[in-house]
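Take a look at the following structure, please.
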């Protein structure tokens, strides 16, 4: 009853990891698989290796959730081969997340993913804290269109556009779809700062970071709701999913699948299991047979 | 050591309530005063009375914080006289929050506040859930400029512009200051949705609401930080302040005063007292004599 | 408060609580209560609460008089069940006999714990007249505490009537409860800085006597 | 992890814990440890943790051999203090005599709870040679458990040396710890799906033997 198809990818249940949780090395893939996820998403990969920022790069907040500025650390596109190989070993779909500073960089990595037969690429158009790689692209629907279009025209595997919170996110979503994206991942982290009141300094080395976890959930649900309302697109809901309830909200708002990031911090196997088990029990409670029938139900008011 | 001056208003300590927490009736003002606040802010007042939405209008979220869509319910500008009178009885500064659909409406209410000798007006340019009254104005720096300019040119008391999260919030802030705002309140709630997974429906009658409380704190701190960095303006920090630590972060980011909304839900007197007491102890710990010297310190990294 | 999805959220008192079942007694007034009255087993409502401060008596030396008007009776079964006292009498007044029902439906045991005096305005059952009129036939010196629940004019009448006695006098008010958590302000008590949803719904007569004299802000915006 | 504000966040083992004071023993390597070494009383650092899984022995019937290379000794005082065992011997090898110090500085009581065998590579004190060479002079059959802490080549040497014995063999690894909470992946153990920051830092030799053969990913990105 939990089988779902999103952006043409068939999944045995709707739960995958969010990009940036592990996903840069072969070893990470097998660990993610051990969490019980239905698909794995790689860390955002750039053409060349990137070093990322010095620690602190991820901090738990006293007000809830995490703030992170990893700086898109990754080994560069050459690692894609081994990541895809490893996922295939477990017969699990793999989505390669891609970062770039311009269309050519996106294409370069996308071609590598295509050649290695990844199941899809997810274009990270929304990283809020790495200059040149993120929100700058995602907040402008025109940029979204041209990057997605460029990639879609070059590769054969499905393209998913990952967007973040912005004033014109619905418009960006529409542009991505118009350009040929098969799906949308909504949302990325939200730009934030955490200051230590004793040392009087921002804690993250990068000062700015992305807020994730439960704090952003109601905002992410809103964006999924808005985009679904206007587009009925294939949406992967992401942001603050920590249990079956928060996952179910995403589905009711319009998501066909969901990604879990921050919540994988503690007891990841149990979290994934609880979401999956909780979702099937929930479907029974509300008398719905297939999860696909629950998608977007909150729009019927 | 906690005395502060913001937008030319002198406060005995930096803590006031956020607009929308009580503040529509005489009785509310005396209650707010009993909380120990250094100034009171009225609910957003519109020219005519507004009924607001049917309940549910405010809901606590399992993921933290509140979501609300009260719908700017208020008795209209005629109530301003009694609100100001009541505050004067307690010799406490009162800031009249103003909402409008266009420049004329803002002016109409501002004139009433000016005539009744309120200490300042706060222009609500950022309500995320009441059509025509909110974000539509605040996200466009040009609109911000013209509304602020119109009000500043008409009244004598200081004008504070309240802005919310948006792509160009720094630009909006700059425009507000350019137009003559003496200070900025940052930020309002963030547009969000909460869906009940059993009834499968959005909980708020208005479907959309504004997220407040701890979830938005790191985002609010970031905006205070960004705006202070570019403008060094008088900022009233608002969003998720629940204890002295969250207040201190706002101050380090650049706020000269702070507003508390959601946290007044439980044991408001104790919350205000804890923040005020905590802030003075904190200043001692970090070896700073006057709170004004702590404003913006996090920028020295 | 009881959330009727996509219709309304309504403040209701807990009429009884037993084995994880919460009982409400309510009168159909408008769309919210009407929709609620038509819901069936298995349908879903939301609950927020309990809100405010509960009111019970916990003193075996005290005698208590309750005066309830109409659906004001709703919280009384639970109040009786949870209170400790020497004696408890209930005056319950309604317009017509049809509004009366057995107060012991939730729990038979409470049957022995109070005496009931009924009054109907159409004289169809018990005392002929209002609850307030019935009250005036009761010797107040037999009681230490009086609690009135019902329409605002009745509460006002009770507070005025007992003004010069030594009774501890309480009234359960109704104002417009919209958020239930002390933020929106719609439930404020006139001429006081109290909020019904947090400090109430039960107040001492002297805390709210000015409020009772004014228009009920169930109707104000 | 220890946050040195605006400089670095460094994984350090707890060397001792007493009266709300946490003690660290560390070697100056780069900017982070250097800055930390110059901080004075009253200055502020941040702490995240404790992270990972602590490692202690809790069996009075077991004999334990610890082999520490250089600053690998850091966690040993606390390990000794918290463990229960029959016998515990420590082999501690350093390059030069100057690197040695009194392990009982934190707590004199632990002095009686172990025997110490020192080795210096420059032969200035104790055994002349590396910790691993010293180990080869010790009768392994006297022990049930062996724990090695130090540079990766030493750990690899220990794991290989004890391979055909019945010893329970553990090594405390070092990989690049950047987040400490299992998300960033930088601390992964090669050829395994383990993360040092969550599953470690102490592993059984057989869990990490392939990792030990590879380049240390303290240096990978």
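So that you can tell them apart, the chains are marked A, B, C and D in the order they are listed, and the count of residues begins at 1 in each.
Rule of thumb we're sticking to: contacts are C-beta pairs under 8 Å (C-beta built on N, C-alpha and C of every residue); 3 or more make two chains touch, one makes a residue touch a chain.
These numbers were taken from a predicted model, which means no experiment stands behind them.
Trainee: What is the touch distance from chain B to chain D, in steps?
Mentor: Minimal hop count between chain B and chain D: 2.
Trainee: Quick one: how many steps at least from chain C to chain D, stepping chain to touching chain?
Mentor: Minimum step count, chain C to chain D: 3.
Trainee: Please compute the C-alpha centroid of chain A, do the same for chain C, then give the distance between them in whole Å.
Mentor: So the centroids are 52 Å from each other.
Trainee: How big is the gap, in whole Å, between where the Cα atoms of chain B centre and where those of chain C centre?
Mentor: Once rounded, the distance between the two centres reads 37 Å.
Trainee: So the centre of each chain is just the mean of its C-alpha atoms; given that, what is the distance between chain A and chain B in Å?
Mentor: The answer is 33 Å.
Trainee: Do you know which chain D residues sit against two or more other chains?
Mentor: In chain D, the residues touching two or more other chains are 6.
Trainee: Can you list the chain B residues in contact with two or more other chains?
Mentor: Each of 198, 201, 301 in chain B touches at least two other chains.
Trainee: Report the topology of the inter-chain touch graph, choosing from line, ring, star, complete and other.
Mentor: Line.
Trainee: Show me, using the given definition of touch, all chain pairs that touch one another.
Mentor: Those chain pairs which touch are A-B, A-D, B-C.
Trainee: For the complex, give me every residue of chain B touching chain C.
Mentor: My answer: residues 20-25, 27-28, 30-31, 34, 43, 49-52, 54-60, 66, 68, 70, 73, 75, 196, 198-199, 201, 203, 205, 261-262, 264-265, 268.
Trainee: If you look only at chain A, which of its residues touch chain B in the complex?
Mentor: 61-65, 67, 139, 165-168, 190-195, 197-198, 200-202, 207-208, 211, 214-219, 221-222, 225, 240, 242, 245-246, 248-249, 252-253, 282, 285-286, 294, 297-298, 300-301
Trainee: Spell out the part of chain D that touches chain A in their complex, as residue ranges.
Mentor: Spelled out, the residues of chain D in touch with chain A are 1, 3, 5-6, 8-10, 44, 46, 48, 177-186, 188-195, 221.
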